[in-house]
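Two complexes, one shared chain (subunit A), two partners (subunit B, subunit C).
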Partner chain A sequence: MRALGNVDRRILYVVLILAVLYPLIRPLGLPFRVSDWTLNFYKAVDKMQAGETMLMSIDYSVSGGPDVHPQAQAVFKHALSKKVKVVFVAFVTEGVEFANQMIAVAEKDGGKYGEDFANLGFVPGVEVAISAFAQDILKVYPKDVRGNVTADLPIMKGIKTAGDFKLITEYATGIPGPAEWIRQVQTRYKVPIACGVVTVMGPQNEPYYQSGQIVGLLSGLRSAAEYEIAMKMPGAATAAMDAQSMGHVAIVLFVVLGNIAYLSEKGKKGGR
Partner chain B sequence: MRREVPLAIAFVTGAMILFEYFLQPLWKDSKIWAQMLQNWGTVVSGFAMGLAAMNLITVNLRRMDPKRNVEWYNPLILLLGMAAMAGSGVFLGTRSAPWQFLFKNIFQPLGSAMFALMIFFIASAAQRAFRARNLEAVVLLVSGIIVMLGRAPIGELIGLWLPAWADWLVKVPSLAGNRAVMMGAALGMVATAFRALVGIDRAYLGGE
Partner chain C sequence: MTTNIGTWIGAICTLAMFSFLVKENKVFRTFQHLYVGVAAGYGIVFQWNSIKNVAWDPLTKKGDMLWIVPIILGLLLFTRFIRGYQWISRWPLAFLMGLGAGLSMKAIESDFVRQVQASLVSLTTLDNIIVVVGTVTALAYFYFTLKPSKTLSGASMIGRYVLMMTFGAAFGNAVMGRISLLIGQMQFLFGDWILLIKK
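On to the complex of A and B.
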């Protein structure tokens, strides 16, 4: 029993790798439901009319990218399918490139830069920058990432402040995150905000969702998979769900075995 | 004067932003001033990033001395990586092939790998430290297992009660705790901001 509690960590790692790899090679197809967090995010995008403009603020780092990037990809795909125009901004340096990657795919599919979507780029300053951007977009972003004058982009027609967007979606792995956007934008401009965050940030942002300050909340890869299911377009996130499940099962199994060993040792000592 | 001037700048800037946020109808032009100050804020932040880069270079150049640091090659790798990334971005542009290669094939996979590696530490730590030593630990252990299984698709396969329990744990007790922490932190933030604004808290000026 003692051996169960002190398993060599290399064995744990191998078991974990196998548990995650197997469903990636041979998908199990485990069913899952779409949570109300995701469903309300989906509905907020889905009720937008063709030609309306949505803001996507890409504020995640590369390390959190695997958890949040699939969310942004799914929402962008959904917006384009509804002919909703999308403006990208970033208040985290890497965000610019993540937006560029999504735009490159959309351009290959026939989307027009400047008309259907645009990437305004990165501005430093975190919360101060968000506030300045919200008040006067053209002053903070005189040019986009491609060097075009922002005011001349067809997509920016009629967009001067954050309040001119029909919906703002924010994707974050830290600061800036939902709190900064709520403080500087939602409170002042009353524009609906929906947020996508890394898994560990989900529960801490739930209060904003319950209070109605954000209209939808995506938390980690699971939410991205749920969004794909809601769109009826299963993609990479959905495919990764089986692996995530098996990873969770493996960790729970380790914890349970560790505790069986611990309790058994404790019982022996108590018996003596 | 070395303290009074920065304190006065901080007070005027903070007061202007606060005034514009809460009392704008009383003085319409406050918006213009507040906007200008916030734009300055983004410019100053840009310079701060430059300063941070300079600091990183200086510190790591010092650490590259093989006599003082046996792992002198680590700062060298950092500086080479920084030079390659910044150089290709500044001189060739971020849409150039070299910068794109560095971002997509080195920076992005390394970042993802760092994130993915956490699962091994979590698994190992959970197996060794997550023990039912007392009642509180048992509650934590059971809650953790319910949420982990209930929030993954496997939970629904085990039984529909599991996701429902996991949802309850996240949306009721966890949410109540989070909300309390958020409110406490927000009140603390207001107090700290007020202390800085009126010059009671001067830690941001450096020194004692």
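On to the complex of A and C.
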């Protein structure tokens, strides 16, 4: 039991990596259900009409990308399948490149930049920038990432303020996040907002969902997988769910074995 | 294995960062510095582009003179690096603080009024009862004005358990998030680089 309590942490890393890797190579097909948070996000996008415009604010960093990027990819795919136009913005520098990656894939599939989607790029200032953007989009973004004059893009016809979007979706790994968007945009323009966040931020943003301030909430990779299932288009996130489950099993096992070792040692020392 | 040079660079960087799991080493430190440098350079390029598009071009090409004010305020921030003139940087900072405080006033509606409204629910379902009891008892835990009575102490104790459950849920989510990040890198290494994972 003492050996179990003093196991080298590197062995734990190897076990965890193998637990995650095996189901990625040989999927197990473990079932999971779609939560209400995800379903309502899906419904908010699904009820949009062809030709309407949605905003996607890509505010996640590279470090949290694997947790949030699959959410944005799934929502963008869904929007394109509904012929909904998508405008990308970013208040975190890395967001620009994530948006460019998604646009590159969509262009390969025949989408037209400037008509079906556009990337307006990054603006510094976090909450102040969001507030300014909401009031006058063309002033904050005079040009897009490709150097086009924003006002000349066909997709921007009739879009002057944040209130002109039918739906705003925000993806975040920190600040800015749902709180900033709700404060500066939702309270003033009453436009529906749906948010996708890194798993750690899920519980702290749930009150906004419960109060109806956001119409949907995606929390981490699991929500991305749920969204893919809701779309009936399983992708990379769905494939990762077996690995997620096996990773959790490994961690629970570590916790249980660690506690057994601890309690056994404590018993030998007379409960002290 | 892929022949894409970008994927190879990414894979080498990932393995160098993972080498920290074995032990702290020079390769890890080198790539850590590289990462910090690249991130800083990337940030500066985007920040500069934004200043150029939003303020500098309208000022110099369209003659929109109002942009002089924020540009000067921004430049004044750098006076903190000039000995004897550091005090000047307090002016733009004071402006930024005032602006931030003003904008956060909207939180009164979004984070206070709307949240209180959302907590005023009919006690007809178990979910609603949990919301109300959880909110009231958690607040009771942080109530220090009165001398604790039996009722207040009881509510405070329940509040403590509510808080502990919240921390547990937050920790569970933190673990789930870290596993997701590991999965992302495994998909990159064994999917995009070694091509072992089928897409």
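Observations, loosely collected:
Just so it is clear, the second predicted complex is superposed on the first by the 270 of 272 C-alpha atoms of A that agree within 3 Å, B and C clash if a C-alpha of one lies under 4 Å from a C-alpha of the other, contacts with A are read in each partner's own complex, and residues count from 1 in each chain.
Keep this in mind: a residue touches a chain if its C-beta (ideal position, glycine included) is under 8 Å from a C-beta of that chain, and two chains touch if they have at least 3 such contacts.
Here the structure is a predicted model, which means the values were calculated and not measured.
By the touch criterion defined above, A:240 lies against subunit C but remains apart from subunit B after alignment on the C-alpha atoms of chain A.
When the two structures are aligned on the shared chain, A:7 is found in touch with subunit B, with no touch to subunit C. Of the two partner chains placed by the overlay, only subunit C lies in contact with A:221; subunit B stays clear of it. In the superposition on chain A, contact of A:31 is made with subunit B only, not with subunit C.
In the superposed model, A:249 makes contact with subunit B only, not with subunit C. When the two structures are aligned on the shared chain, A:138 is found in touch with neither subunit B nor subunit C. Of the two partner chains placed around the shared chain by superposition, subunit B and subunit C are both touched by A:128. Of the two partner chains, subunit C is the only one that A:212 touches; subunit B does not reach it. When both complexes are overlaid on chain A, the residue A:258 reaches subunit B alone and has no touch with subunit C. Residues 13, 16, 20, 63-67, 96, 123-124, 128, 131, 139-140, 188, 202-204, 207, 210, 222, 244, 247-248, 251 of subunit A are contacted both by subunit B in one complex and by subunit C in the other.
The touching residues of subunit C, when paired with subunit A in their complex, are 21-22, 42-43, 46-47, 49-50, 53-54, 57-58, 99-100, 103-104, 106-107, 109-111, 114-115, 117-118, 131, 166, 169-170, 173-177, 179-187, 190-191, 196-197, 199. Taken together, the subunit A residues at the contact with subunit C in this complex read 10, 13, 16-17, 20-21, 24-25, 63-67, 93-94, 96, 121-124, 127-128, 131, 139-143, 179, 182-184, 186-188, 198-200, 202-204, 207, 210-213, 219-222, 236, 240, 243-244, 247-248, 251. Contacts from subunit B toward subunit A in the complex involve residues 21, 31, 34-35, 38-39, 41-42, 44-46, 48-49, 94-95, 103, 107-108, 110-112, 114-116, 119-120, 122-124, 126-128, 130-132, 141, 144-145, 148-149, 151-154, 156-157, 163, 167, 170-171, 174-175, 178-179, 182. Within the complex, the subunit A residues that touch subunit B are 5-7, 9, 12-13, 16, 20, 30-33, 35, 61-67, 96-97, 100, 123-126, 128-129, 131-132, 135-136, 139-140, 145, 188, 202-204, 206-207, 210, 222, 241-242, 244-252, 254-259, 262-263.
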